[in-house]
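Okay, so subunit A shows up in both of these, paired with subunit B first and subunit C after.
Then we have the complex of A and B:
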């Protein structure tokens, strides 16, 4: 007998199963060897140490942005600005990684903190506009994504670009700036530890502190929170600062952990993926870990599938769209929940 | 500065201004209709991308540009329909729905393109058709005006016509009245017997319709083929234009033209060595500033009302 309290878990599972079913359907329509291709998609990411490493490497930036977006969504702020901040903080960190000379361990710390602080400050702008003048944070954050991308690309093309390199990339980072790898045979870097610590800290902040409580209350009902004496404007600005800090740190960690030059000539998309991660996690910091790993898993699966079979990896964006549409659909399977509620009421 | 003026005050620039404004204008009108019905459709970018690809595929397979246009419009409207179905029936959050549509489009179009042409970059191997440009008799012989206004793509003229159609639709028809009333106060509209969901369906479908005309223009006019991510932010600029035009038809059309000018300038200003990356951000910067000014003045108005002494 299913209980109503498990409904959300059941629903999330149902959404994931439907999405996978659609993936199989697309594969069987497109591929000449559907069974083999599905096998690659599902199992190849676990097939070697390097592939498992790939999944975790991919999950790191998703955890950062997923956590940032979770906090914003939790405060009922529809801000999708993590995308632009992730990119721009990456640029800022790259500048410091190229031009700064510092001894070993201090270099990445300074570069990452600078990126994070810039991210926090940039994120505060839509926050302040929302808190003080009720300007729509969604529109401003979306506009900021494009503005930050334009400025970042300008910095790359005009100030960081290595003319001797064959592609549109920056100068090489100083060796001292790069994050060290923590597992032999993979590219998993110290960013994993940073993000896990952040997630635990965010969990404690959200559920064990007064600020966290105010954040959650503001998210549930801003008017109510205000009338019960909370300074909601402050809460809104605070959550923007924190989310910007986390998203900015994500961008910084990603460039120093995975690359030796800055090379994003378009927005990398992790900010919007963060919205998907946050939704799968139901805006719950600890659940961000699992949902980022899941998303990373099917992405690496799709990448490997594209390499080893005849189905292009872009299939995954169709699957992601299906997941978003269904997971945020309040009414999806609602009838079932209602039936369960009725049954429980009768039994009581 | 002089050279800048030399760039702007040419018939070529005025001509290209209309050329680059067309897709923005179509999509902005679409955004306007859905916004007036109280739903922010941020899936414009995705709808345009899908319809751009559909136009190429259908016109290549039927060898008719007009059937291609029909295919583009139908598929773009269908995408808007899917978005409407999920947001209105399943109560998916409209913003997240829009994010999903954009995500689907950016990958899905490449996926389909690859399956059909074996190429992930562009549709060069598909022999797609282009809609014609039109020389307007008499007008084309007038100096200055002729070279600016005549000889445009047929959809460019249609986009200008669409401004009047949308204005008429929103302000002079029963449907327009319902759209506006649903957007302003859905409960009030419901109470007088307007079906809110039906009106919002209609508005979303219309927004998809206009956005897909913009998408079709991109691959069957602006360029003669489909390339990966070819909408390149025009859907977002359209949303910005609608937002800065304060959800009025005239305002939206004028800001679309303004943002079109920023786009045309970014092509022209490369001659003057002003980085195109920075010029490309102008529409967004302008929108943020516009939003701030509006939000501040609204707040002041509200505060004044609160502080005013109660009479009566």
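Then we have the complex of A and C:
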């Protein structure tokens, strides 16, 4: 079984390489200076402290949502509600960042916790619907994304909007609410520490506690979990609460870490990206770090490419699409695995 | 030397999860013979047949039919070449009539509709031709298991099958129905059909087959003329050593009743009785067997004992050590010391992608000694898993291997290990050795007997008559949701006698069956 064990890793690597190869192919067709453009895409994100900072800044929200979605996927819940919750918790946190007056470090803590708890409660609704009435969580969570976006946008337009600003943005946050930067010359904020702690905690929870064990067993075979005496409905609601809490915290941290006003007039997309991160990470909390960094890296690469060359950053959507397509295509490289299995069987 | 009608050469099949189901198997079929494929379950018989019927593609090897190399990519390819298969679990539409099932997928048409009269005529014609009486207008759901099987056989014949594969055809039949099936098969042979008969019941193989291919561990152990080998030799080849199907049971003095079921009645939502007037008890150190043709209320009874009565209309009492469990949930029942080996180890008994170790702790991960503060006690779990794997002789690469990669027998050993090692007061074992090899079955039987000598009460539900007559201390027979017979010395009951009760032809009066319950 030695080689087969590494099959998933090899497969994921192959998928990423193929996606990059396709990107290069397209770049060389579109660009007048393909070699230079590819160089920008691959190397520029790592070229300066500011650019590395950009990659990490972008990876922070991806880690939050990637972690939330990983836990849901682990419980075999195909829930994509992280998107709406990320957005709405950002709104909730903004309200508190604008209207609350609290001294120093307490302000962001209160604002973020409030956003996280609201996220957890909102996420529990599809969870309860699933656990009690077996309502498809994919459908309910996607509908919730729309509802939450609508309510959030309403709040921004009619209650938070700063008339003096030139765009559709909220009033300025209190200075006390904003998260502090931790590396000079970048905008990397304390959210990085929070998310890394969360990821380690989630890893311990999932693999080392009885609740995590219940979650994993429910995900692999709910019937088996029930038969063993687990209350699977409770497990499903619990994982929704946790995932909603994490996704909500992600939105709150992002708002307070990166901006001084609330300014999302469309869904920022981090929730759906979280699903991609989770898939690349094979739903393993610790692997979420690497896969979020990778995704952030190619995104920043594409941004820089758009700014410094003649290829638009939409390029990157193609890479993403290819990755998703190949990762979810279970048959991809199957023949190779089968041949490997056959060889091992014959040697055994 | 006859030339082979069908030959499979060097067949190897590796499933994506790494299970090697067949390894370099050679198989050849002569025209007009009944050819048995015998082997323990998990020996690769079913996989080989699925390959022959085009349901699975071999990873390696070739199939030759009448000297011509063929690739069977779907059952349709196989049907086109005159191969038919009767599956262990019937592939019939219950709400359709026999005739409708017969023509499914090849319906005679009349305009846009189905020509039902023609379907009935075709069914009757085929039935007459092969002398297999069926009523074309009867609904399949109203038929007995034996009749359903007949419909399946006719279905294959109607599609022009010259080679008929029967997968464990007698597993669901009573002894009387089995005899009838054998008569029919012999008749088909006389008409020039070739039959592949998959079984692990040696008596049957000896009774009906001309030749036998014996499989073990995914490979072929050779092909023999049936009359040249004794049952003893066949079983030795199947298991790789001598088998004794007798167990030394010492007489036990039964203790107090652990499970008491009194006047239990359960109705389905439409008010139809699923179980009526069920009364029996299982005492410490006693194995009570429940025999019966599948579908006569055994499943409902087990559900009633394992938390399935929650929110279902029922009356009577079900007590474990004096506590009524009709309203209890699964966890509550398990906490009373009840263990349960479910019939379906894939659906209920295990989590396929999870490790053996994860599968072993699913009923005890809450307990104090499996936890250390908020965390699970990893080293305690590891040592428990390692010792259970060793004690139950689970063949695996280690406790971290996903259970789904194990063979059926080893997977079942994991389930049995989990349920037997928590010191249960009552063990409910539902078909504990179905689909496992003889070696594993023996081992599981021994474990049940061990628990019995440790004063555990055991309720054994099984369709395997041999097993139930040999293991049980007392035996109940269920028919249509009722207990129709009670025997105190099962080993003195013959399979034929049991068959009469299972079919509902005989039944004891209430005075006799009433002895099954032991009031405290």
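The criterion applied here is as follows: the second predicted complex is superposed on the first by the 346 of 348 C-alpha atoms of A that agree within 3 Å, B and C clash if a C-alpha of one lies under 4 Å from a C-alpha of the other, contacts with A are read in each partner's own complex, and residues count from 1 in each chain.
The rule is short, and it goes like this: a contact is a pair of C-beta atoms (placed from the backbone, for glycine too) under 8 Å apart; a residue touches a chain by one contact, two chains touch by 3 or more.
Fair warning: this is a prediction, and the values are worked out from it, not measured in the lab.
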Touching partner for A:231 - first (subunit B), second (subunit C), both, neither: second
First, second, both or neither for A:221, with subunit B first and subunit C second: second
First (subunit B), second (subunit C), both or neither touched by A:151: first
First, second, both or neither for A:164, with subunit B first and subunit C second: neither
First (subunit B), second (subunit C), both or neither touched by A:329: first
Contact breadth on subunit A, by residue count: subunit C or subunit B: B
Parts of subunit A lying in touch with subunit C, wherever the complex brings them together: 1, 4, 204, 208-210, 213-214, 216-217, 220-221, 223-231, 334, 337-338, 341-342, 344-346, 348
Residues of subunit A defined as touching subunit B within the complex: 30, 78, 80, 129, 132-136, 138-140, 142-144, 146-147, 149-151, 153-154, 157-158, 266, 272, 275-276, 279, 312, 314-318, 320-322, 324-326, 328-332
Residues of subunit B defined as touching subunit A within the complex: 40, 42, 86, 89-93, 95-97, 99-104, 106-108, 110-111, 114-115, 120, 229, 233, 236, 239-240, 243, 275, 277-278, 280-281, 284-285, 287-288, 291-292, 294-296, 298-299
Touch list for subunit C against partner subunit A, complex: 12, 14-16, 18, 20, 23, 59-60, 329-331, 334, 340, 342, 347-354, 358, 361-363, 365-366, 370-371, 374-376, 378, 397, 401
